[in-house]
């Protein structure tokens, strides 16, 4: 009520300000902290009082936490929040690489994955990817031993926002996007026959 | 809570629930995600509509972000929030322009971005924007080479306070001026032949 | 259009001087430009007209002048600047000549497209500026500072982004690119082999003898094998000559190389 020398914002504005500050703050704020951030002449306790009334009975409440204030979801709605505590972790590097190989080379056998990665694939990695429902068993390969193959699932495509595995960027595009640092031989064509070109007859290193 | 499984909570309750769910989450929630958490039979769009009206003009606003919703502090109170500001990585001019081109021309191929900027997209620019989760891969263009396209993400909309890409500033004027059409150069212009991006990985290798 | 934009006499000289000064100012920070289109846009803005009313002819002249000056100062210009210069020179000449009814695309069309490109680039610059001027999350607008996580059901789920996937794959492929290089030795006749073959033969070689005569029989047929054997045998003779065991001569360019034992 006591309008100071300079115009303090109108009460409604002060209430909005306190509301925004409390909402965005990572920790409860004391009256002192509020005053420090509000324009000169604001009456934080009064704004808090008005705010508390406004949020009465809402899904969110203005709560006193020690000598500070914070918004908290209403206790009776806690049952809705239980799903919040799903803990998400980054997939391990081994799992990401295995998944990438399945996606790019499917259907692919375990032996082929190991050949590309250059290390053996732990059982847990495959199991984890199958549990996530990102890969599944494909048809058996019609080669000796009839090994099982792996392919990616619909859930995989959904998670990564792909229409089909064909939408994965190719090597050239990866390189164009700066994801591949090296510049391999043109087109990285691995054909053995054409590999040694004319110039390859350069003499071997001179002996010392 | 002894609600019958088949009886939806009253509208006021639904509104409280949506309010609590959105308040508890820092990231926007889609209508689908809300429905997954709300008791059976709830009408999330209706509750959102009521909530949006309730928060009109408050210090905290209900914002639409693509197909999702989130509470955000009112922009006019930004001056209070300086302490909360997280120092964001400064984007290069190339990155900012590339981002704008993706936003205004999406879905857009890399070749088109380069056509517009008249310079090749430097390594890492695309990667940086993808790391910020502001752009992502869209569908492949159904043209020779099936080049990948880029589109902006929900996180982009959230960051710049846009309900949808249609709300980009000046979009209508740019479209009216024909500046968003990809007008191919009259032939004889030497600089931009669209390099057919060959897809090295289109068919998965048959066998290892 | 072409004639109007080509001032004559003193006016033209005055313009050139202005252009020269402008070009000099630009050269100082040529690195500041993001490609020829960016440079063109900057030059176009100097015309102080709506981009739609730009004189492409004048623009082409300014650009060419710029490139010319850069060359005089021996500044290295990236290839795309030179490509653009060549194209603009071509466009300029076409604009100055009477239209050729045979040409499918008129010079005016080409000029119009260039003007369109400039206008579009400028439009995107403005759009980018407008975008960045918006209220941004974490700068002007804020999310919930204290997201609430309650309840007791703890479920671990794993996540990965498409970027992770692509980077993972890129990592694998890159490693392959860098696998230690192993020479395919099937068709390589090594210098060691050549030396081993030459040494016992040298003692008997008193006359000048064509190098080719020393190639092993089975290495003469296939061109690839023949090249390898020739190269290594030649290298081996050099090595032996260095040690004083033999002499080499080649009478004319590309002529046969002949060797004999040193007396």
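Residue numbering begins at 1 within each chain, and the chains themselves are lettered A, B and C in the order written.
Throughout what follows, contacts are C-beta pairs under 8 Å (C-beta built on N, C-alpha and C of every residue); 3 or more make two chains touch, one makes a residue touch a chain.
These numbers were taken from a predicted model, which means no experiment stands behind them.
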Common contacts of subunit B and subunit C, by label, are A
Greatest centre-to-centre gap (Cα means) from subunit B is with chain C
Cα centroid separation, subunit A vs subunit C, in Å, comes to 36
Between the Cα centroids of subunit A and subunit B the separation in whole angstrom comes to 15
The positions of subunit B in contact with two or more other chains are 23-25, 71, 73-74, 81, 84, 127, 130, 136-137
Subunit C residues touching 2+ other chains are 142-145, 147-150, 161-162
In the complex, the residues of subunit B that touch subunit A are 1, 15-21, 23-25, 36-38, 57-60, 71, 73-74, 77, 80-81, 83-84, 110, 121-127, 130, 136-137, 139-140, 146-148, 197-202, 204-205, 207-208
Subunit A residues touching subunit B in their complex are 15-21, 23-26, 37-38, 57-60, 71, 73-74, 77, 79-81, 83-84, 104-109, 111-112, 115, 141, 143, 161-163, 165-173, 176-179, 187-188
Counting only contacts in the complex, subunit B reaches subunit C at residues 23-27, 70-75, 78, 81, 84-86, 88, 93-94, 96-97, 99-101, 103-104, 116-119, 127, 130-131, 133, 136-137, 158-162, 168-170, 174, 177, 179, 183, 185-191
Subunit C contacts subunit B in the complex at 34-38, 40, 80, 83-84, 86-87, 104-105, 109-110, 113, 116-117, 119-121, 123-128, 130-132, 134-145, 147-150, 161-163
Within the complex, subunit A is touched by subunit C residues 142-162, 164-175, 177-178, 184, 187-188, 190-192, 224, 227-228, 230-232, 234-235, 239
